[in-house]
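Quick one: this structure, given as structure tokens, is what I'll be asking you about.
In this document, chain identifiers A, B, C, D, E, F, G and H correspond to the written order of the chains, with residue numbering beginning at 1 in each.
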Amino acid sequence: MTRRLMEGSEAMAEAAVASGCRFFAGYPMTPFTELLEHLARRLPEVGGVCINAESELEAVGMAWGALATGARAATGSTGQGLSLMQESFSEITLAELPLVVFNMARGQSDYFQATRGGGHGDYRHIVLAPMDIAEAVELTQLAFHLADRWRNPVLVYGDYLLAHTAEAVDVSPMTFAPLPPKDWAVDGSLGGTSRSRTVSSLGVGKVNRPGGGIPAHFEAVVPKQAAITAEEVRVETGFLDDAQHVVVAFGTPAKFVRYVVGQLRAEGVHVGFVRPISLWPFPYEAVAAAAEGVRSVMVFEINGGQMVDDVRIGVQGKAPVVSIGGISTDGSGFGVGPLLDVEVIRGRVEAVVSGQEVPA
Amino acid sequence: MTRRLMEGSEAMAEAAVASGCRFFAGYPMTPFTELLEHLARRLPEVGGVCINAESELEAVGMAWGALATGARAATGSTGQGLSLMQESFSEITLAELPLVVFNMARGQSDYFQATRGGGHGDYRHIVLAPMDIAEAVELTQLAFHLADRWRNPVLVYGDYLLAHTAEAVDVSPMTFAPLPPKDWAVDGSLGGTSRSRTVSSLGVGKVNRPGGGIPAHFEAVVPKQAAITAEEVRVETGFLDDAQHVVVAFGTPAKFVRYVVGQLRAEGVHVGFVRPISLWPFPYEAVAAAAEGVRSVMVFEINGGQMVDDVRIGVQGKAPVVSIGGISTDGSGFGVGPLLDVEVIRGRVEAVVSGQEVPA
Amino acid sequence: MTAERSIVPTGSPPASAHRVAELTPDLLLTEEHQMCPGCGEPLALRVLLDTLSQLGVAQRTVAVMGIGCYTSFSGTMDLDLVQALHGRAPSVATGVKRMLPDRVVFTMQGDGDMVNEGLQEVVHTAARGESVTAVLLNNGVFGETGGHMTATSVIGQRTKNTLEGRDAEYHGHPIRIGDLLATLDGSAYVARGSVHNAGAVARTKRMVRRAFESQLRGEGFSFVEILTMCPTGWFVPTAEGPGYMDDTLGQVHTMGELKARPGGGPSDHASGALAPEARPGGGPSDHASGALAPEARPGGGPEGGVGR
Amino acid sequence: MTAERSIVPTGSPPASAHRVAELTPDLLLTEEHQMCPGCGEPLALRVLLDTLSQLGVAQRTVAVMGIGCYTSFSGTMDLDLVQALHGRAPSVATGVKRMLPDRVVFTMQGDGDMVNEGLQEVVHTAARGESVTAVLLNNGVFGETGGHMTATSVIGQRTKNTLEGRDAEYHGHPIRIGDLLATLDGSAYVARGSVHNAGAVARTKRMVRRAFESQLRGEGFSFVEILTMCPTGWFVPTAEGPGYMDDTLGQVHTMGELKARPGGGPSDHASGALAPEARPGGGPSDHASGALAPEARPGGGPEGGVGR
Amino acid sequence: MTTVLTRGTVTIDVEGCKGCELCIPACPPRVLTMSAEVNGLGFRYPQLHAGCTGCRACLDMCPDFVFEVYKYDTPVELEVEQ
Amino acid sequence: MTTVLTRGTVTIDVEGCKGCELCIPACPPRVLTMSAEVNGLGFRYPQLHAGCTGCRACLDMCPDFVFEVYKYDTPVELEVEQ
Amino acid sequence: MERELLLTGVGGQGVQLAAQVIGRAAAIDGRSVMVFGLYSGMMRGGSSDSTVVVADGPIQAPPIVSHSWSAIVMHHKYWAPMVPKLRPGAVVLLNSSLFEGDIDRQALQVFDVPVTDMAADLGNPMGAAMVMLGAYAGVTGLVRVEAAVQGMRESLPPYRQQHAAANERAIRAGAQAVEQLATPAWETAGADA
Amino acid sequence: MERELLLTGVGGQGVQLAAQVIGRAAAIDGRSVMVFGLYSGMMRGGSSDSTVVVADGPIQAPPIVSHSWSAIVMHHKYWAPMVPKLRPGAVVLLNSSLFEGDIDRQALQVFDVPVTDMAADLGNPMGAAMVMLGAYAGVTGLVRVEAAVQGMRESLPPYRQQHAAANERAIRAGAQAVEQLATPAWETAGADA
């Protein structure tokens, strides 16, 4: 595929198709809508199915069914729609199905929802947060791979800016390590053989092969999460070597932060940045290392203060943790507010560096 | 009312009635079911309404409507059912409606859901976790008061044990400080007067009194949460004075922990406990104070490790934080598993105190 | 041709003339709104507000709003109002009504809101016989998000995500929600109107009135579906909206009263709701009121609609 | 009286005799289950599994299970199976069918699951004309959680949270889900049977067969509702279950075929599905197969049921 | 030059008009036509010609509430360009 | 002492029975009765008397799958206590 | 003093009701009481366990006890996990109509009561648990038999009151079939008796 | 070098499409490009803003720019917040048919183009934004007019292709109505032109 001007939504849709995603179901909601539109057009062209589900509840249920057959399948929405899917999200995780979820968020205030699991129970989704379209194309493909590798849902955390920015991009399929066969998937062929399969979140098998039962099934969550935590942390850091201040940011706002930090460094200010790419598992160690000996760890996020909890866990009291972000939205409630501005961010970082109050 | 043998569900229902709750809607789900049954019987007796809602989505919507009229209203469920209510929960919070939610959890693995907000956005529910029936009766009444005081939902975090244990209890109405009138509530009387009211999560008013608009509405969340954090932390501590080890636990498991700590203290072991009663706002300061100079901070919770995040934030690296709980359930998936046992907990605490591995 | 006639000044009211109708619904705080040119939703809004005004219930009414383009009316309607989430208005209205049983409670929802996201809500609320009135603005698309297929889009309809037209094999069949609700024991009054021409507007107004009268009599759930133009979502020029509706949605979601409780007879059949002079004179289509059959027609299919 | 007759030994099969039917459905991994005494759900299960077995489709079938007492069958059914959440089976089945269009896909759900929590799912799936078969076990209660009212409980029915009986004013009216689904364009086959006596079991089996045959012909959505006894939830002695059903649920949810596509005529009207000798001889009620009218009866109300 | 007996008239809030043209066919005597000029938002808007009956159809069909309808106390004769 | 021409018979898995009694009225010739004794779970269970037709109704109505139904190759005469 | 009772049986045997009745009876007797029932899913043949703690002062223990003073065993199916929780010398009432398996009659004070048969003889086959609780009251004196009868009446929901008389007969029959322990639960019959 | 363009108007004026077309044209010209549209709700008369960044190397800036080289103002309604973002000397094309209000003609290079009137004259009243983008291409040379025409064709969805010819006329009319700046956006007309 050659470079073409595509908005982020289209690029992510193309990346999903390139990853072998063949089922999608979704319900329109700004700024997720265009992703659905592109997939509604593209999937039938490659022999896949895209259903304009009647609601988010139905969308995630349909994806569940498609996944149970072994297909690569995805759904998505924005905050509210994902809230409606929370019951299914936690249970799909318990059922160990490789769902990919596109969260085209209206801001960053769904950090908790994404990383702590808005649903019930001990489930966790792997969460990948691209900062721009090129990275979104990669992380989308990685998402499908990791979902299959871990049999665990992966959420791609985009936003309004990512969805609606257009760039000339090139979506070429990536290659990953081989995956085990999906012998757990149902295809209807084993009825009456005493070897029929069950895909279930309840930890139950058939009476003749009952598996470990519910307690064992639930307890298996812990080692699995530990393994993912050990292997799938992704983070970008910059200018940390002699930094006296560190700014932590994720997603598209991190692109602004990186730009600001670059500017300040050019001017001789000793500031570095940490950009979590995987929000779960969170790069606690990178944050801990960055916090060693610095004068402040700033957190820039476009919400009331959510990732700051993870940063505090990482920093472990080694340096003061300062929130320099905040809720910021346009008049419609889902667009981009005034904080997403290089000058504004620069002003806040400089204020902390010079020991002043962060401007409101 | 005189003392009568009541299971926790019944006692909480009576406490709700005593608090002036006059609307409830819910959908059966173990172990929440009995609370619904009791309210279905009791509310009509006091001129209230209890609807056997057709699903959790409808239940929370009905409660929303009742709240908008100024009534004291509640809903509830267990983990999965609450997952379905997440969209409404976050938006009811934005609409500043005083919802009370009964989470009769199937364990403690909904800690994140309860405290981080399973839904989208920056909302937080005040979360109160009683350890036994007597406390549940108090906290239920407090919940209705705080909901009105802050115009913010309050979640009462019970569980299977609380719901199904019966004790002889006495539910007498408590008195609280007076509350402002609910002049924001709609009663239909102001149509055509140019002073008609709007109850909305969108931050919009009428064109002639538009309010601050969506950005201002969203941003108002931050100071409100700060105020609640400043005023509503509730915690019980014990034996901290010369403690070398501290155990943090909440809800009914905390009753076991408290008993174990009491036993160990009687035997001369220098161990204390912190029992968060409000899970949000979390008693970070109490945890920080308790962590000062101790050899370990243990966390006993019946899940894969959730409150441990808040404990880590509180401890700030002052002492090692050790999880001594874990997922524990019976064969049905919603009952009580093997960890809820005085001997088992005692064994784990003793292991940490004596520097050994925590038994699996 | 008309274009050659001389132009009459229309800047201000003439002397020695009287106004034939209220300027705009008196329950509007402003006449301005941000709906697209040619949108049918403001027409339905006026029908609704005029009726409430004429029934004299504005000071005991609570509106519950869904989420769609019409949501912006919540700022301009001079009524006590609760904003519900997308799809959830019927449950919210239930909670309001149960706490305020002597108030008039209605929902305003779109087809996306009511027939997609919140289908279960409205069906259960109707089955429950909840004494509220649901008003559906059915344009066969999610207008707000850009014109996608809904559960009422008709076969062959081109929408933003069914570019080749809705195909029954792949996308399924439309739901005739009014017909469905009429089959439930809890529904008392069910009708489907439209705003695609002045005659239809007048007939729809009678339906809305009868629905609220049914609520006032405590008969159960009442429902009026109003077909509205969405030229933006339909990708047609504004002037072609009414004709397009007639040819597409109107063929499947046929207009007429679908159910009325025997007790709630032809309230104002001859007049009352609509002052006689306000009726469109020789308007573009009929206004044969006989089509508003007073008796119940549960499950009434396409055959029984009002002539369009 | 019978009690005085001598007892025939029944410990082991006699010599010189042949079995008249399979011992249990051959798609069961065990005959044991933990359902209450007198529960009707295992009877419906047998009807279903026998039919799949007789149609020879067991090795191309995927079951999708709802959440209710019947959920425990997922461990004993020897079929590839997906466990869905409470209410969500129809969407899951949709996803399965779209990816495996040549497989037989069915859901098993209860009234609480399908008509309460998941009403929207089944209505949309039916409207979509999804080529799956939904099997509803309707006992008018949430059996699993202890016998509470559902959206199909009939007026006057006493349940755990309607101790004075379901009151239409306060609790609303039951939904006749089969009738409702029959009104949708996407549904191809809709029928309501029961297991309250042996004749009803036999008729129900024919309905289930016809539903799957409709799916195999790709006609659209097919649906069989089976009324099942829940003595526990109804608070009646097990032996009184069938009679209680007949007097309560059976009066509102009347049995019969409600819709069948003209093309899908009376497949096995005379035999096939049920070997003639397997028919209950002079069973307690009729088995007049003429009641299985082959033509569509959308919206068919109480009048048209099979005689019970 | 002829005249037409005109029983009614309307006022038109030109700046509120969004140019949808729904009023044009709605008018039974067809006395409304669209302007050639545009208003402040760039939309063409309706203009009234002789022969209005005051029937209210334009008011009922205008989504932007720009019409008010009047009846003359005594019908007037207005000029029509041929 | 008389005899009855008996065309069929059944086997009953007594330990699987939950005593619901649905089989009793289901049997057209009414040749099933409930035991006085209980099984291991404490339930009474059905007993067969002469006159079974092998019609299968008991099998169709037993929720616990305890019946197997047989037809004699040649019908037999079985005793009935009067 | 805290006295614990563990009950075990299979769903449908009436274990939960029996525990409730004992709890209410203890409350009637003026004692502190805590009752906790644990049963799998619904009323189907799964496990059905319950714990009762009765005390003459406020109860300190959490509702799941590690050591018990007594037990009622309606069925052996889910009995095994309960054994290690019994204190040496604990009082155990066995439903000898159904019980199969071993029990350490040295370490425990075992009373065999054929309650399923007795209930059937009383024409109340579902009343076995009531017979058992009568027997338990008789043996241990933890609650008075009269309090048990009253507690049973208070425990029945309105739609089950028709069973009250038969249940009362069952409780009394159970109590009459046994003899009281030499050292019963309390010194006095009831705090307010 | 990075060149920024900010566009503002009210919903329905075609601002988003114009931004898209410029973006595609720049890509056709072989340049790096980033286009970001921000509009409230749907196509109703709310604000409609867009940002375009074109560069001859990879783009470093995030998609919301703080300083802009140029602007297109289709309507004054949402124009005020844009003013402080314009660099001194920025090129501003105003829709003089509708624009009301003040503008600092000292600090900015302002070009008045009556695009709404011109579009009406062309019989394409909805084509004002196309006239404007032709004028913008003509004034700034940021994209070639031919590239703009091609970009416009590629930007129309299939169901809007019938408007292509009229839009092309509009673009060319806009370009012809203006004169190029003395110092246009680039030294060369297009990277691959």
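As a convention for this text, contacts are C-beta pairs under 8 Å (C-beta built on N, C-alpha and C of every residue); 3 or more make two chains touch, one makes a residue touch a chain.
For clarity, every value in this text was computed on a predicted model and none was experimentally measured.
Each step here moves to a touching chain, and the least such steps from chain A to chain D number 1.
Simply put, of D-G and B-G, more C-beta pairs touch at B-G. For this pair, chain C with chain F, the centres built from the Cα atoms lie 63 Å apart.
Mean C-alpha positions place chain A and chain C at a centre distance of 41 Å. Centroids of chain E and chain H (each the mean of its C-alpha atoms) stand 37 Å apart.
Residue positions of chain A touching 2 or more other chains, listed in rising order: 30, 54-55, 80, 87, 91, 202, 330-332. Shared interface positions of chain G, defined as residues touching 2 or more other chains, are 41, 45-46.
Along chain F, no residue makes contact with two or more other chains. Residues of chain D that touch chain F in their complex: 2-8, 10-14, 16-21, 23-24, 28, 31-33, 35-43, 46, 195, 197-198, 201-202, 229, 231, 238-239, 241-242, 278, 280-284. Looking at the complex, you find that chain C touches chain B at residues 26-27, 29-30, 52-53, 58-62, 64, 71, 74-85, 88, 90-100, 103-105, 120-121, 124. On the chain H side of its complex with chain E, the touching residues are 10, 13, 45, 97-98, 116, 120, 125, 128. Across the interface of their complex, chain H is touched by residues 38, 40-42, 44 of chain E.
Remark: chain B residues 27-30, 33, 36-37, 40-41, 44, 52, 54-56, 80 touch chain D in the complex.
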